[in-house]
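In what comes next, chain A is part of two complexes: it sits with chain B in the first one and with chain C in the second one.
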Partner chain A sequence: MSTSLLNNRAFVLASAAASLLLAGLGLALLWIPEVEGDPAFPIFYLHVPVALTAYACFGWGAWKALRLLWLDENRYDLESYTAIHMGVIFGILTLVTGSIWAKFTWGQWWVWSSRQLVLFLVLFLFYAAYFMLRYSTDPGPRRARMSAVYALFGVVLIPVSFLAIRLAEDVIHPGPIVTSREGPQMTGDLFFVFCVSFAGMLALAAALYTNELTGKRLDSSLRELRESLE
Partner chain B sequence: MTRAETFVTAAYLVFLAVVLLYVVIYAFKLTRLEREVTELAELARERKQRRAA
Partner chain C sequence: MTYLADVAALARKDLLLELRSRDTVPAMLLFVVSTLVVFNFALPADAGTDAAYGLLWIALVFTALLGLTRAFLAEREQRILDALVLTPCDRSAIWLGKGVAVLAFLVLAEAVALPAFDLFFAPVTAEVVAAVLLADVGLAAVGTLLAAMAAASRARELLLPLLFLPLVIPIVVGGVGASIAADPARYLGFLVLYDLVFAILSWASFEYVVTE
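Let's turn to the complex of A and B:
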């Protein structure tokens, strides 16, 4: 795909992300009445979409890794790497926004006894280690395959982390109010604002992914050009 | 501002700060790519001149 086409797509996605995120923030602060028992509930519209987007990025990275191993096409290596890069950024945001909400609600930044928090941290650290593996190996097909296998191993942790919300015996972290089996455990208004914020977050991730991928492809092409010129 | 409002503002500001930091890092990367393109264009021009001579 040409760079200009990618840039147009990035512009549309970035505009959609900005509009949806601003709309979500405005609705959360001005339209939704204060949730009883948790005056800091507007953080929900940031923290949960960010966490779900991190899972989506890791899942997308694993899908691209699978495509690489299956079809043996080198372009999937860069796509998988970029998706995991985005996943780690959203992972950092999940941990930070979650900690701020936790400090207000529970009085602590972090609770080690909460399986869900620890499992998310494990998932995050696993993918953070992906970069160490990637940069400790010389570029080439071997590195691409190793990174792909690692990305696929990591994706196993996503359902575990997701299930931890349901299986966790600790009561400190809220249960699955969005992805509950009985449907969303919130009023229609709250769910609507959540959907707007989540769509905005996905659009933001897609815009960042498209930009980052363009940059990485340019970088790679320039390296090849330099090698052929020198 | 209430205590809850402070925490909500902090969460949204952290989010904004991380996105802005990403944009700044990306701007540095673009500057580096631009410099590399200029260097390669210079290299290609020198080669062309050498071949013509």
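Let's turn to the complex of A and C:
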């Protein structure tokens, strides 16, 4: 019963995501005038919403982790894990889209002077270790709490790393100075299209999260059933 | 002040154990000096001193890692951690006691590493010493918590570097910045900030990591 309800919600979210993302893409390509000297600028409407969605997923996962530590209810473990799983997927997408943008704008696939890209690389490494931690620990309340603590460290690491990367620019990688990273100033029209894309991306993340959570819950209840039969 | 007495007792236990067995500190000393020698062969002749300061920080982070992989070894082999968790003391005292011991080992290793670095590569200024001491606090705080996590997993020694390195990138930034920048105060301030934030977080969350 609850599964069909969840599927329904996932379906609604997925349709919202599809329509909003298509609308955002269409507007970005057709309605917004091309930016002088930056042919890859439309990827802005993909890259930045993807990056913000990844942050949202990490934040959501940390919130669920906090709930787990606070209330000691086991269901938050799967929720936190799923949110971070989605965050890593969107994080990889951020790295890929950022890399494409860097290639078009600065002619290189990787630039250490792009703060966002470097930050996402650090976060990707950090959250990849989260999976290692989960896979190499026996399931149980202790693993749930360790994962939760690690997830909380993640959201604290985001601003600290951002600050560190800004500080590092002064001494370590002066390289090509990137001015006006965000391209032209956002006018009302640009901001509207950006918001449409961002809403679409959030809906997509929510749809994936709901879907994945349903699957994982089914999986774990199936495992419990099997164990009780043995 | 029973809390501080608990911490002191736990730290004393680790230091005594090390004094009698001499398992960790000699290994850390030898490791950090051999790393510095290896770096001598990794640096090009015209690399300059800035590059050497960068390598010093890598050596220090990996030395800390070496000490941390052994931090909970005795507890795990003798199954002491369960008994420690059962004792009527605050669980965070276990973290603080272990952290103090790790910090002491690190400082001992650096007491050899920094003069060696000064001799081999470039002068160790007051800023470098300050940055190293501040970084030690952060490395010990975060490292002790993560070592407790890794000790509970099956991968153990393999897992700790994966958990540890992404978290200490800010320490490396602060340390290298303080060593080579014209205004080291900003970087030292950043290290203080890191220490405060992560020490409080580790102190508050250690209990959840060790209880079954």
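The rule is simple: the second predicted complex is superposed on the first by the 199 of 230 C-alpha atoms of A that agree within 3 Å, B and C clash if a C-alpha of one lies under 4 Å from a C-alpha of the other, contacts with A are read in each partner's own complex, and residues count from 1 in each chain.
Just so it is clear, a contact is a pair of C-beta atoms (placed from the backbone, for glycine too) under 8 Å apart; a residue touches a chain by one contact, two chains touch by 3 or more.
Because the structure is predicted, anything quoted here is derived from the model rather than measured.
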{"item": "A:F58 touches, of chain B and chain C: first, second, both or neither?", "value": "neither"}
{"item": "Partner chain(s) touched by A:V96 [first = chain B, second = chain C, both, neither]", "value": "first"}
{"item": "Which of chain B and chain C A:Y81 touches, first, second, both or neither", "value": "neither"}
{"item": "Touched partner set for A:Y209, first chain B, second chain C, both or neither", "value": "neither"}
{"item": "Touched partner set for A:S136, first chain B, second chain C, both or neither", "value": "second"}
{"item": "Overlap of chain C and chain B interfaces on chain A (superposed complexes)", "value": "none"}
{"item": "Residues of chain A touching chain C in the complex", "value": "69, 122-123, 125-126, 128-129, 132-133, 136-138, 140-142, 145-146, 148-150, 152-153, 156-157, 160-161, 163-165, 167-168, 170-172"}
{"item": "Residues of chain A touching chain B in the complex", "value": "25, 29, 39-40, 42-43, 46-47, 50, 89, 92-93, 96-97, 100-101, 103-104, 204, 208, 211-212, 215, 218-219, 222, 225-226, 229-230"}
{"item": "List of chain C residues in touch with chain A within their complex", "value": "145, 149, 152-155, 158-159, 162-163, 165-167, 169-170, 173-174, 176-177, 180-181, 186-187, 190, 193-194, 197-198, 201, 205, 208-209, 211-212"}
{"item": "Chain A contact footprint on chain B (complex, rising order)", "value": "2-5, 7-8, 10-12, 14-15, 18-19, 22, 26, 29-30, 33, 36-37, 40, 43-44, 47"}
